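Presented below are the structures under discussion, each in the form of structure tokens.
There are two complexes below, and they share chain A, which is joined by chain B in the first and by chain C in the second.
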Partner chain A sequence: MKVFLSLLALPALLLPLACFLYIIIQALPALNWELIVGSNTAGNLFGDAANAGHGIWSQVSGSLLMMFLACVLAAPIALSIALFHALWASPRQQRVLIILLQILQGIPPIVYGLCGLVLLVHLLHWGISLAAGGVILAVVILPLLSSNAIHALQRIPIEQTESAKALGLSVGTMITRVWFPAAWSGMLTGLLLAMARALSETAPILFTATVFSGVLWPDSIFSPVTSLQTHIFYLAQEGSNAHAVDMAWASAAVLLALVICFSLSARFLRRYEELS
Partner chain B sequence: MNINTHTNIKEAKEAESCTVPAYVCLENISLTLSEKSILKEVSFSLPATGISSLIGPSGAGKSSLLRCLTNLYGNWQGVISVAGVNTHSWLGGEDALRRHIGLIAQKPSVFPASIHDNVIFGLSRKERKQDQSLRIEQCLKQAALWNEVKDRLHEAANTLSVGQQQRLCMARALALEPKVLLLDEPTASLDPHSKQLIEASLHDLAKEMPSLCVTHDLEQAQRLQGQIIFMCDGKIIETATVNDFFQSPKRLETREFLRWSVCDCD
Partner chain C sequence: MLILLWFLWDASSAYWYDFGISQLWASEWYPYESLYGLLPAIIGTAWAMIIAMLIAVPCGLAAAIVSSEILPVSWQGWLRLGMEMLAGIPSVVYGLIGLWVLLPWLQNTLDLLTGHNLLAAGMILSLMILPTMMVMSQDALRLIPIEQREAAMNMGMNWNQRLMRILLPQAWPGIRSGILLGLGRALGETMAVMLVVGSLDRVPDPIYNILEPAQTLTSRIGREMGEAAFGSMHFSALMACGLVLAVTAICLSLLAQRKPREFAS
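Entry: the complex of A and B
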């Protein structure tokens, strides 16, 4: 029985490992330091001399920029949702809130992208822009961030909360002096996981924020931006161009490294939280 | 129901009424949680000084009663007055009420800070910025912890033993200079030495303020002296002095509880 179950579980271990190795092997021909720190490969590939370059730095920075914008927008809302859940929501409201967050997490990202295109790009006339991408990514990561913040607060021992209340501490003082010090590592873990999620999402920003070439750095928050995710998408469509495919693999390896970085940081932080 | 039972109920009600001068007075306190009746018209009073022991079997509603007194449960019915003031109209709201009534929980819960900072945790930011050495020393002495921690005040509070943490929680509550002290089985998980120290400090503190101590330990209730309040199934069954309670209990339920530590009062 043990052997049978272990054999069934084996793909869960081997598949990601195999994918990771395959991506690295495919990326090796194009992967070098110049690629990461250089700018705008797209212009080079398609004969756009004005924007020619040898790297994906503008795409990496565009992805990171959108990720940070999404986190800055979503984190305070997620925190407010978690505090409402912990402090004022009735048991019924708590149940409804959890169900809603689960539903929101289950909505396909492309649907969010479509809503962003209609509402932000067209209706509000933001155009294809960093702002539209940031807002839509914030909506995508909000349920994940909120759920993690709720769980981080739920892990605080009830005795700590009761002791704080029994000392006559106001709600604000209790939050800042008891809850936050006890829950910060859990919340930060959630934030890192949400960052990894924001970095790996392509569909929501495909219609709302990114262009393939012609942009190195957005002029303003309402300018289009390039991103690593959509860059891979566009390059992969150029199947006949061998260099483009190599570049796609190299970009995928860099994106994977970034996502793993955030996920591992979250993992280490959770371990630290458990130990402390 | 016979005449004798009628007399007992009448005597019990007289003992529970708040006609005598009392610092803390509870009248007809009822509490329902998740559609379950936890407290049923509980009435008793605490004199201005001295210890009262609240005893009864598990699930009698003793801890819930302490939570009602400090408004940690807010949906109770009835009237609680402290120093003649209805707690619902307490000046400064429930936070001020909680600073007036010190509550020491059954399970010690220190905050992730130093021993020093834990003692002054409940003080205002302004007070914490001032030198509180004297107050810290006094509170730790009152909680019988000073000699054990005086040289390590800046060490983390969670390095203390459970017994020491419980006394630290007591010092933390005392730092707010409460006028009433509520203790929820403060010695439940402690060694005999820590138990003895806490009981000794309780005796000293009770000379200055009314103290209500929830306990399962009948011997401890005897040692604490003062008033005994016996609760069962959310109701007050009997209120008496230690001697009367243990030597000549009036109610059948009390006699059964003293004999077999069970109570059947449905």
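Entry: the complex of A and C
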């Protein structure tokens, strides 16, 4: 039984690791400093020498911009949902809220993308834009963010809340002086995880926010951007072009590094929280 | 959420009014001849999910058991860290691996015309949901109180009996929700599947033939959304695909919510 189980488990443990190493190895030839700070790859791919460059800086910055926009939009809403859950909701409402959040989390991101396409891009005439992508990503990460915030508030010992109430603190003071100092690290962990999620979502922004090339830095929030995720996708379809293949692996490695940065710092924050 | 559903319904209503619910079983999808049957994509989605689950559930479960019961404790933290990192890898990166590593390999070993098929989609999906599966079942196994294990040891049960009689039944609710979560993820995954599945709108012939190019609901939306004009029948047919996806996902998460009573202790 033990041997059988170990045999079954071996691929599960080794294959993902192998994939990871494979990406790094494949990315090495194209991975250098020039890549990250250089401006434009697309011109290079289509033989447009005047427009040629070796970098993916515009893609990286586009991804990060969209991620920040999504977090700025989603964080206050998630915070207020969590406060509502902790302060005013009856047990029944709390249960319904949690169930609703989990259902929302289960809905495929591409469905959010479809709704955003109809509502934001077509009905509100925002066009293919950074703003549409940011709003859609905000909706995608909202359930994750709010359930993390709720858990962070729930971990505060009940005695602290009760003594704050017994001291006659107003609700506002209680939130800012008692709850916030106790829960900020948990909330920040949730925010970092949500950032990693927003960085790795591709499908919902494919038609609503991004173009393949031609944008170095978006002029306004209603102009299209380039993003790292969709860049990889477009490059992947240029399978016969050796340069495109190299660039795709390198972009994948950069994206991976960014995502892992965020989730690693979330992890360290969690450990810090457990220690304190 | 109601707004979302209403929205999908509203955008796809032209499709439902014109063709009716029977289109779910119609097997032709040719946008240029106004034939919009959803059956090929639904079968494709179902096959991809089944294959992914067939690979990921036994492997993930075994990996969870091995890592929490057999390997030394000091390894567990690192393994868990690694698994959480892997669960965070963007799906488009998995798609890249599938497209340029898995497809040529499948093509050569199985001697096929093209590597684009449902088997490849299922394999990539299983790779993606393995870490989730494993982390969830490991959590479930770790939550079992140490007294239970000690009591089982005192009763003279050997390792196999302890696993089958004590640990697995107790961890089952957690494992079950892990499976449902993985199913939901397999259902909604777009990019990786889109790159490997081949996007051919045809019911597999015969129906268990998983070595042909096929189509899933998500990959169809992803492929054709760029081409469909806003307000056209094609567009609302794609919205209908989205509606089917959303309803299935909601059913899955409702199923995951319902906790079996007898294990509540």
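In this section, the second predicted complex is superposed on the first by the 258 of 276 C-alpha atoms of A that agree within 3 Å, B and C clash if a C-alpha of one lies under 4 Å from a C-alpha of the other, contacts with A are read in each partner's own complex, and residues count from 1 in each chain.
One rule holds in what follows: contacts are C-beta pairs under 8 Å (C-beta built on N, C-alpha and C of every residue); 3 or more make two chains touch, one makes a residue touch a chain.
The model shown is predicted, which means the values in this text are computed figures rather than measured ones.
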Since both structures carry chain A, what do chain B and chain C do when superposed there: clash or fit?
-> fit
So, does A:181 touch the first partner chain B, the second partner chain C, both, or neither?
-> first
Is A:167 contacted by the first partner chain B, the second partner chain C, both or neither?
-> first
Please indicate which partner A:96 is in contact with in the superposed arrangement: first for chain B, second for chain C, both, or neither.
-> neither
Of the partners chain B and chain C, which touch A:2 in the superposed model: first, second, both, neither?
-> second
Hey, is it chain B or chain C that touches more of chain A?
-> C
Once the structures are superposed on A, label A:28 by its partner contacts, choosing first (chain B), second (chain C), both or neither.
-> neither
In the overlay, answer first, second, both or neither for which of chain B and chain C A:119 touches.
-> second
Which superposed partner A:159 touches (first chain B, second chain C, both, neither) = first
Chain C, chain A and chain B - angle at the middle CA centre, rounded to the nearest 10 degrees = 100
Which value in Å is the smallest Cα separation between chain B and chain C when the structures are fitted on chain A?
-> 20
Contact set on chain A toward chain C in their complex | 1-2, 5-6, 8-9, 11-13, 15-17, 19-20, 22-23, 99-100, 102-112, 114-115, 117-119, 122, 196-197, 199-203, 206-207, 229, 232-233, 236-237, 239, 245, 248-249, 252, 255-256, 259-260, 263-264, 267
Listed in rising order, the residues of chain B that touch chain A in the complex are 70, 72, 95-99, 102-103, 105, 107, 109, 111-112, 121-122, 169, 172-173, 176
Footprint of chain A on chain C - complex, ascending | 1, 4, 7-8, 11, 58-60, 62-63, 65-67, 70, 79, 81-86, 88-97, 99-101, 127, 130-131, 134, 159-160, 163, 181, 184, 187-191, 195, 218, 221-222, 225-226, 230, 238-239, 242, 245-246, 249-250, 252-254, 256-257
Which positions of chain A touch chain B when the two form their complex?
-> 157, 159-160, 162-170, 177-178, 181-182
